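Paired with subunit B in one complex and with subunit C in the other, subunit A is shared by the two complexes that follow.
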Partner chain A sequence: MNSHILVCPGDINLLNRLGGKTVVIRLSDFEDVTPTIERAKHLQLDIKCIALHSDIPVSDIPFNRDWEGEPLAVFAPDLGNLRDFIKKIALLRHFNIRFYLPNDSGGCYTSHRILSSLGFSVAVLLNDDGVNWDALCDLMTYSLLGLVRHAPIEPFQYVTAQYDRNRHTDYASVYFEDPTSFLHLDGEGHVALSPDELRRGSFIGVNVDEIGDLSGNVEYVKRIESWRNFFLETNGCAYCQGWRVCLGKFAQGRKNNSSCKDFHVELMDVVEQYQTMKDKNKTVWQP
Partner chain B sequence: MATVILKATEKCNSNCYYCDVVRKQETGTSMPLDILELAFIRFDSYLKSYPEERIDILWHGGEPLLLGAEYYRSAIELQEQHCPETKSRIKHSVQTNLTCFTEDFVDIFRKLGITAVGTSFDPEPNMRGPGRKIDSQKYNKRFINALSILEGHGFGWGMIYVVTKKSLLRPLDVFFFLTNLKLTGGVNFNPVLIYDEERKDVAITPAEYVEFLGAIFPYWWKNRHRYPDIEPFKSLVKNIIDGHRSLGCVDSGSCTYHHINLAPDGETSQCGRSADWGLLPYGNIKDRSIEEILGDGQRRQLADRVEYLRDNDCDGCRFWDLCHGGCPLDAYSKHSDFMYKSEWCGAKKGFIEKYFEPITGAKFKPREKS
Partner chain C sequence: MPNILLTQRCVRSCPYCFANKHMSDSAPDDILSWEDLIYIADFMEAAKERRFPILGGEPTLHPDFNDMLIYLLERNFDINVFTSGIMTNEKLEEADLALRDVPPERLSFTCNLNDPEKTHSPLAEVESVKRFLKVFGNRVTAGFNIYRSDFKLDFIFRYINEFGLNRTVRLGIAHPIPGKKNKFIKPEDIKAIYNRLLSYIPVFERLRIKPGLDCGFPLCLLDDAQLGWLYRFTGGKYDFGCAPVVDIGPDMKIWSCFPLSSFHTKSLFEFNTLKEVYDYYSRIHDIIRTEVGGIFEECDNCNFREEGLCRGGCLAHSLSNFRKEHPLRMKEIYM
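What follows is the complex of A and B.
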């Protein structure tokens, strides 16, 4: 089955079948985190991270000292009350954690900036219709070019690390949605190529052990080559300057002159500027 | 080095609107294996006589892959059989529309030493494709599928994009489309060449070609590290800024004694267009050796043309070193005579003066006239 990371629920029967595999375990109940980690370790699973999907703000999540050092991806609707969050900072400093947040109500990604400036890794949850591209561009510039110390903001840091002008740069991995790296399992072990396909019941296999070598799986090959279909359209994303780092992720919501283009072009420019700056050793005169 | 344009077949499965090859889809012939065998015998004999020489074979058409994988397996066998000592000095390349490319060709290309493929593409609907209606959807699907196979097996590829009247509507869109499809570049923007009245609707003038390139060049220059391999920009940078002279057959003025077009029936000529137009016939390989074909007296007029233009029509032109009067066949198409410069010289000169030099700040310095 190649070296895919399996994104799966914390179902005990399922975990029992995944011995030795690398996993991202999806949980939504805070009470399940500690026992699931213990169980996974007992089964000698390689935990990439625990993806904790919370429907309450970060400030209200009952973080547990037992989670210290464990890789956590916390998906939450917003940061919540800053004063409450600040009380948790001392504990969270010991955590191996990244927060995944959508845009906040002000539309300016302020929560992401706050978390980053406090030293917490954060990722922006992007969806087709709710992206404030101008604000996202500001956040990206802050993330990559800001001189004040701050933690990485994704997907920008990922793009910076992966960017190569000779290849596409697909930041779907930040969200566990790159089918060349991640497979998604339901509680019964059905395998899908994305969370969306998992929800829709569009599986490439009914059992992860039967998947075998994916290079021979027709659906898999079709899917990883599907980016080429954009080049069969007479208009659209294939004509866009930002294609090489976007790959048509926002095709559904894209209208003429959509600012998703401007954002991705700016992202490429800033990433290239960032890489150039990194190559130059800045020296300051000495007395 | 001799370049043999090996027209393995005149047939083509595409009916590209602007194709400048005389259309022989129905009646075109393919090269029989006995002619191909004779060609390899001739190549071997030439290479044995000239141990420092090489032969570059460009499989061309029509659509060369229409012949099928078995034909090329036979070609490999014939090369093995007749060129055992000289095969290391025979280099193969292929110009194909890729729509017939399948897994079957992967090993064949590898055995022929082909690591990269030349092709062409046009995203505009109904410009490339089979049938009277030019079914570009069918064509494009096959093309894109072939790219997947090609890239999956680690082959490189580059493409020609033919600039037509339609391209003039959105040059940068075309540029982004092609460079998204092929991230490392390998895109060559060539002007469409139309010789009949029937398809004048897509024809462009040299001035329009200049404006097409000029619409892309400022962006390309600013971001050239991102799109390194775009022609003609890359070559102009190489020649004008880096000072390395490196020109294609159209501009080099040196195709005279190097090129051979080999037709399916064994007839030879200077190039594909001269063969199509019945010009510069150098005889059949059944009767003549490669040495005789390369030394044919008719070639002299091409060499004379370069000297004549340098001292007359092009005298004093500071871009002579970059153009040499352009392609003699282009000149012939306009004047029915080789002894003129190509009208596309004006495009090169116009682009350099209007866009290249002002934007790059570089000034082309010609070498001393010799």
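What follows is the complex of A and C.
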């Protein structure tokens, strides 16, 4: 249990109870960022990052110089006005920041590409039924096989770093959704295994300290073993070529459209190509 | 460095236009996408090319024109935009607001001007150009395409003084588009063009405005006195060349230059580096040059050409002439 990162709101009473733990603090009010960071540091919490959920575009967020160097995950509906964003670039260059954006209205993940090419790490927010798989494949190719260096685009960079052709690679961690790494807390301290379960009020315990060793927690074990269920369906995701990196994340949408398979197969191909190229670039020692 | 076409749509229909074909053939949604712009920017960056010339059509017609410029500037490219200067007041105000703080050495315009007396231009267009020059004058170089031998430069001199434009005029000579009909200067008329151009020497000197010659001007038709004046007055920045410029269209098609826009068209995606692109089109140019030296018969045995001082005028003349013959030459010529 101690190795888990706790994703929690910035509630002061809750933070007081989490002393010494590694946390991702969820915030939605920009004015809370600086005092929450100060409070967390005072409590000697290990801040993995501040997950700032914005309902306004990135270009309109009032970024504060005090946030410089602090690990930030900014979830926003879109990039917004490019010119307004570029006015903020000089400040943002000093930030330790990753932007999480859904697909944009044009459907081509243009904002992700712009941000990455300008040197900002970005992650694609994938939802089950709104993914433009062809465009996502183009973005992945750009991310991994681009002509010049640019900032990482997730989850592609994560898969590249973790990929082993003989094992599963689960990129849920990019979104703090891997229950073997992250637990999600509400303001009362109730513990859930995913953001979705947190929203639904499906908890595995009422208090982090009471949970104890998770390997003995029935709900937890059931949840982390749930991937086995895919093998019980005769034509389920487990029989798909993309299974090793997808792990059934898009099972719901797959019933209507199997493009997720093509994407994940392509992802593995490109990652293997990328790794091969990287191996070729090994340099011999120099005198 | 290649020119990048944001769109092939245009607001004018100039009689000499090299791009005439592309204007008329272009689809209504014929604009460069962000994905392709970023690919081109990467392609240029990989070639360590920091200059980014933007063309059209009329590039300001691209709905994301200002944003794309700001993006490219942020990526550290220096931009030159070739424009007619014709745009709505709203567009002009928006461009002014977006671009006014960019240093002129990072963002410049070449404004292609037509003489209102010689080329039909509605008054509204002329006024629009003047508004553009008033706003962006300090970063504008006047461009003028010569397609008739009785051209006048007086209006350009007036614009340069009135709006504070750069004191260089980019002078282009209209070339034929092989297989198409556009107004252009025939090789036998080029001497007259030189004479008319250099009749302005007293004005050039008085106003300290330098004539800059674009590609396709032949060296041999200048006499020593004319050549001497040009070199002395401008610092000798002439190469009398004709080489692949390379244009990249909004659909990522590429070609050697506008007059050769339907000749050996490829896709940028067929090449891995900018060097590969230039090598390809240079080879094509060389093949044609082995068939015919230049626009005059004398080009075949010309010392200037052999020593690389002149390329023998625009290749489009030779290709146009080949089309009138029975196709007996190398196959590359007819592609």
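Just so it is clear, the second predicted complex is superposed on the first by the 278 of 287 C-alpha atoms of A that agree within 3 Å, B and C clash if a C-alpha of one lies under 4 Å from a C-alpha of the other, contacts with A are read in each partner's own complex, and residues count from 1 in each chain.
Everything below uses one rule, namely that a contact is a pair of C-beta atoms (placed from the backbone, for glycine too) under 8 Å apart; a residue touches a chain by one contact, two chains touch by 3 or more.
Note that the structure is predicted; figures quoted are calculated from it, not measured.
Applying the stated clash criterion after superposition on subunit A shows that subunit B and subunit C can sit side by side.
For the combined model, the angle formed at the CA centre of subunit A by lines to the CA centres of subunit B and subunit C equals 110 degrees after rounding to the nearest 10. When the two structures are aligned on the shared chain, A:83 is found in touch with subunit C, with no touch to subunit B. When the shared chain is aligned, no partner comes close enough to touch A:93: not subunit B, not subunit C.
When both complexes are overlaid on chain A, the residue A:148 reaches subunit C alone and has no touch with subunit B. Once the two complexes are overlaid on the shared chain, A:113 sits against subunit C while remaining clear of subunit B.
When the shared chain is aligned, subunit B comes close enough to touch A:272, but subunit C does not.
Put simply, subunit B and subunit C get as close as 25 Å, counting only Cα atoms, in the superposed view.
The touching residues of subunit B, counted against subunit A in their complex, run 123-125, 137, 140-141, 144, 147-148, 172-173, 176-177, 180-181, 183-184, 225-226.
Listed in rising order, the residues of subunit C touching subunit A in the complex are 33-35, 38-39, 41-43, 45-46, 66-67, 70-71, 74-75, 98. Across the complex, subunit B is touched by residues 165-168, 225, 228-229, 231-232, 234, 238-241, 243-244, 268, 272 of subunit A. Partner subunit C is touched in their complex by these residues of subunit A: 82-83, 86, 89, 108, 110, 113-114, 117-118, 138, 142, 146-148, 150.
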